[in-house]
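Look for subunit A in each of the two complexes below; its partner is subunit B in the first and subunit C in the second.
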Partner chain A sequence: MFEMEERFYYPKDFVETNTGNKVNKKTILCGSQQILLSGKSILEQDSVIRADLAAVRIGKFFVLGRGAVLKPSYKTLNKPAVNTQSGATGLNFMYSSMNIGEYVFVNENSFVQASMIGNHVYIGQNCVVSRGVIIRDCVSIADNTYVPPDTVIPPFAVFAGNIGTR
Partner chain B sequence: MKSDFPLFLELRKQISPCSSQVLVKMSTTIPTAFLPPFLAQGDKVIYSDGDVHGSVFWLHFCRHCKQLRNRNGIQEEIEVLRCTSCSETFTHSETSEKEHGCPQCFECPVCSQALIVRSSIVSSGEVAPEDLSAEAKALQEKKFHLVCRTCRWSTRSAGIPDATKQSSVVSPWNFKPSSSTHADVLALADYYRGQSITDRASMISKNQKPKKYRPGYPFIADKYKLVSVAQKRISAASAAPPDMVVLQARLPNVGYLDNLTECSDEKLLRSVSVEEAQKRLTLDKRLCYPGEQPLTAEKLLPRNKPLVVKKLSRCKACQHVMTKTDFAAAHTVKFKINSSAPLLVPTIKPCKPSLTVGKSCTFVVTVKNPFVNDIQMSFSPVPEAEVMPSWINGVAVQNVELPSTPVTILSRLCVADEKPSEGTGALAREESSFVAFRKLYTVGLKFTCTPVSKEMDNWVSFMITYDYQEVQNTLFTSASGTDLTNSSSGEPKPKEPQIQTTWITLRVDMNLGKAV
Partner chain C sequence: MSTVSSQGSAGSRSSVTTPAPAASLNAPPGVIILAKAIVARESELQGQITIGGGTIVHPSARILAENGPIVIGDGNIIEERVTIRNVFPVNEDGSSRTLYIGSKNLFETFSVTEGNIGDLNTISCKARVGKATTLRNGCVVGVSCAVDSAETIPDNMFIYRNGENIERRTSDFNQTPPSIDDHLEFLQKQLPNYHYILKTST
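This part shows the complex of A and B:
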């Protein structure tokens, strides 16, 4: 159904780690201490991982396409946040860690803010996966799909459309 | 991904539903697409022992039968199931109803981490927090809820009511979705359980037939008044044991079975096109589809923490334990007993030779000793009567020259800095013709052969014989029962351990590749 086609790359554009991860030099990694790449993953040019907000744990054989963004999901809390100096109140939200399984392929220009992604998942181009989404194993999200917040995508599902449905 | 589902179905079919043991039978040939690259290349060295053949990394060696075993010769059992969260152990029968999940621990539906129990004091009336009187305490109630430490999901956010009692034995929460057929299934299960008890009771009563009394010597029996005693004993034996209770199980009334209508022959016997048949759901796929599926994360319920399985594998021939795992921290696997072939059979590996058709070539073969004692290994050609095995896809080479004398390979305990003993120096001089190098417990041997084919793989076949030493532990007392203690000092003298040596012969086929 989806298999990354073979393509050539310039080794000088990538940094290859001992575990086989290939990270493009133009990738934006925020909070790199909280990024856990299990191995044999590819992070393409202009992709962004916002691990400064919360930990991002990624399994093996993960591909992050060009321009794709990985951002941890957040949850709003009941108690409002209070600024101790000015006394102003605002929304109180908390970022939680993001867990991604193995053999996940996030295609170009997608924005992913899911809380959990299972194994063998394909996310197409220009997709928006909102906060709190739970994607189970062997799921395919078609191109140009919008997945609403807090959606649960069951295993072996094909999700498409704007707003996305099974 | 698209080929994962058929393999999953194939493995599901091979799980046999035994009550006490679950035998998981893996298929012998795993498709190449699922193997890691170093295993998908194909076996370069194949060991054969009778009908068993394969790479040394895929075989086991039974220490009792002294033979190689492949996956067909081994049966796997579930020894015990353990929860990683609370470290409790369970048997298979205890957890079969709970879908092999821990009855006390739960998993967060969002991030799959373990949930922890938190308590809070809730007062039913208006009570000041500083009030410590007995009346105030009576109005307060301790309630428990589940919370995830990583993503802060809690049962309160999902709308699940708090539990009032908390027990270390039985969890107060039951998150299984209620279904209309659940009660019917439980009733049917109880009926069949009662039916099995009834069948067992009837089998026992059939086996215990009352013995017919045959008076062989009635005058003696009458003289000593044994007839009445014997009759009393027989009548007591024919009665059922007091513990046996015969149940009369009743088939439950399942309402929806009464409303079934018969299908007409037209519907049952009509022809179906191939396309239509492919679109229809098979029974396996229908059973895999869940009954209820939540659409949003709020409706997700926690599930019982999956249990870690401690497996045991036995030799089918002698029923001795081959492999026994142990629970270990993190993702390592420790073994209490490990009969994998690489630990009990010397590993042979050919170095990549440069082959030319028709020309004699010499290549080095490394042999590693897996034992803690020195071994003697000898090489001999394959008997001419033996035909090329069918699993070898290639051609046999010609003019094979093997090491003529037995080779001594040092044990794994030898240290690099140790000075070589006098014996090893003499050994090296004798074997210099076919020994390329020696490195700790590895020896490189020179083999010579003439490759035959450019299109097909060239195979070298030979027999190896090595000594397998077993240490037998002995007790302090001798077999005759006499005490071996030293009478003067009063301390027991331990006997020296006896070493039993068995010579094992295996056939080895090596793939050298294609010649130039």
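This part shows the complex of A and C:
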């Protein structure tokens, strides 16, 4: 898979937790109670995690590049749902929690709204991964790719292009 | 810095980019927020802006009335990292043009809007509407498409990318474009639970 090169950083720009997460002080973490970072992850400057909409569970060794946005996926339902999380009932619309595996690398300025991401996934720069996408393990998504909604990307696939194809 | 729980969760901070939580919840000067609009405090509002009722402005959205005022209609959803800018050139006599955004539009993340927009449009991720363009109603500007031409895009157009080119076709919405009312209703309940919301103007 793609190896991240060594980079030097200023420790004063980052907060380091006791499980080894390095979170830049200039990230925007909404709903941080619902963010679960398993450990040893890096959240770079200006990245955004919107866990106020639904829970975001992230595995170990996750890297969120500069300016990247992680947002839970949503779906419109045929009949109204009871959303116990927010207590909102009777809506045809809900955000569902986002699960991300280990060793996932989301590069700069990408927008990721996938509902599930497997392990060892590489997402390039400036990508748009739309809602409802399921990315399985060991997938790499090239720079500037647009993955349309509800795509299922099988394991070991390489996705590129706008619209993205294998 | 606040302490972090041993599960490894990201701690009990909310967004980090602003001053202490005691900062004012009043709208910045020049910004008028009409009833039931939910404007997150962490959004960036600059200049003379009117935000219509029921509109939702997510944190880290940027509405910059640089060269003139911006008037935003009701029921829009302006997601994070969206830029809405008034960069219309200022007239020789010093007067400025207003940027008008209609109602019930959906501005997805990373989109940039500089031209007038009607109602029920969708500006997708990383799309761009230049200052010379006017969108009418029900249009969809596809992901990472840029529309910069000096024209008025008629109702119900899809602007999409086909390989390297950006093409357009009339959409086949039967009567009306799909509504974002359910999305609006969800956000109106959910966002105030997690964000400081600017006060509406009386």
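The working rule: the second predicted complex is superposed on the first by the 151 of 166 C-alpha atoms of A that agree within 3 Å, B and C clash if a C-alpha of one lies under 4 Å from a C-alpha of the other, contacts with A are read in each partner's own complex, and residues count from 1 in each chain.
Throughout what follows, a residue touches a chain if its C-beta (ideal position, glycine included) is under 8 Å from a C-beta of that chain, and two chains touch if they have at least 3 such contacts.
Since we're looking at a predicted model, the values are computed, not measured.
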Practice prompt. On the superposed three-chain arrangement, identify whether subunit B or subunit C touches more subunit A residues.
Written response: C
Item to complete: Determine, under the contact definition given at the top, whether A:Lys26 touches first (subunit B), second (subunit C), both, or neither.
Response: second
Item to complete: Check the residue A:Val69 against both partner chains and state whether it touches subunit B (first), subunit C (second), both, or neither.
Response: second
Discussion item. Contacts for A:Met94 in the overlay, against subunit B (first) and subunit C (second): which applies, first, second, both or neither?
Written reply: both
Worksheet entry | Residues of subunit A at both interfaces, subunit B in one complex, subunit C in the other | 94
Discussion item. Give the list of subunit A residues in touch with subunit C in this complex.
Written reply: 15, 17-19, 21, 23, 25-33, 35-39, 43, 48-50, 52-53, 67, 69, 71, 74, 76, 86-88, 91-95, 109, 111, 126, 128, 130, 144, 146, 162-163
Worksheet item: What does subunit C use to touch subunit A in their complex?
Response: 1, 4, 6-17, 42, 58-60, 80-81, 109-110, 125-126, 143-144, 161, 182-183, 185-186, 189-191, 193-195
Worksheet item: Taking the complex as given, what residues does subunit B use to touch subunit A?
Response: 1-2, 4-5, 109-112, 150-152, 290, 293-300
Worksheet item: Mind pulling up the subunit A residues that touch subunit B in the complex?
Response: 1-2, 75, 94, 96-97, 99, 103, 115-116, 120, 132-134, 138, 150-152, 154, 156
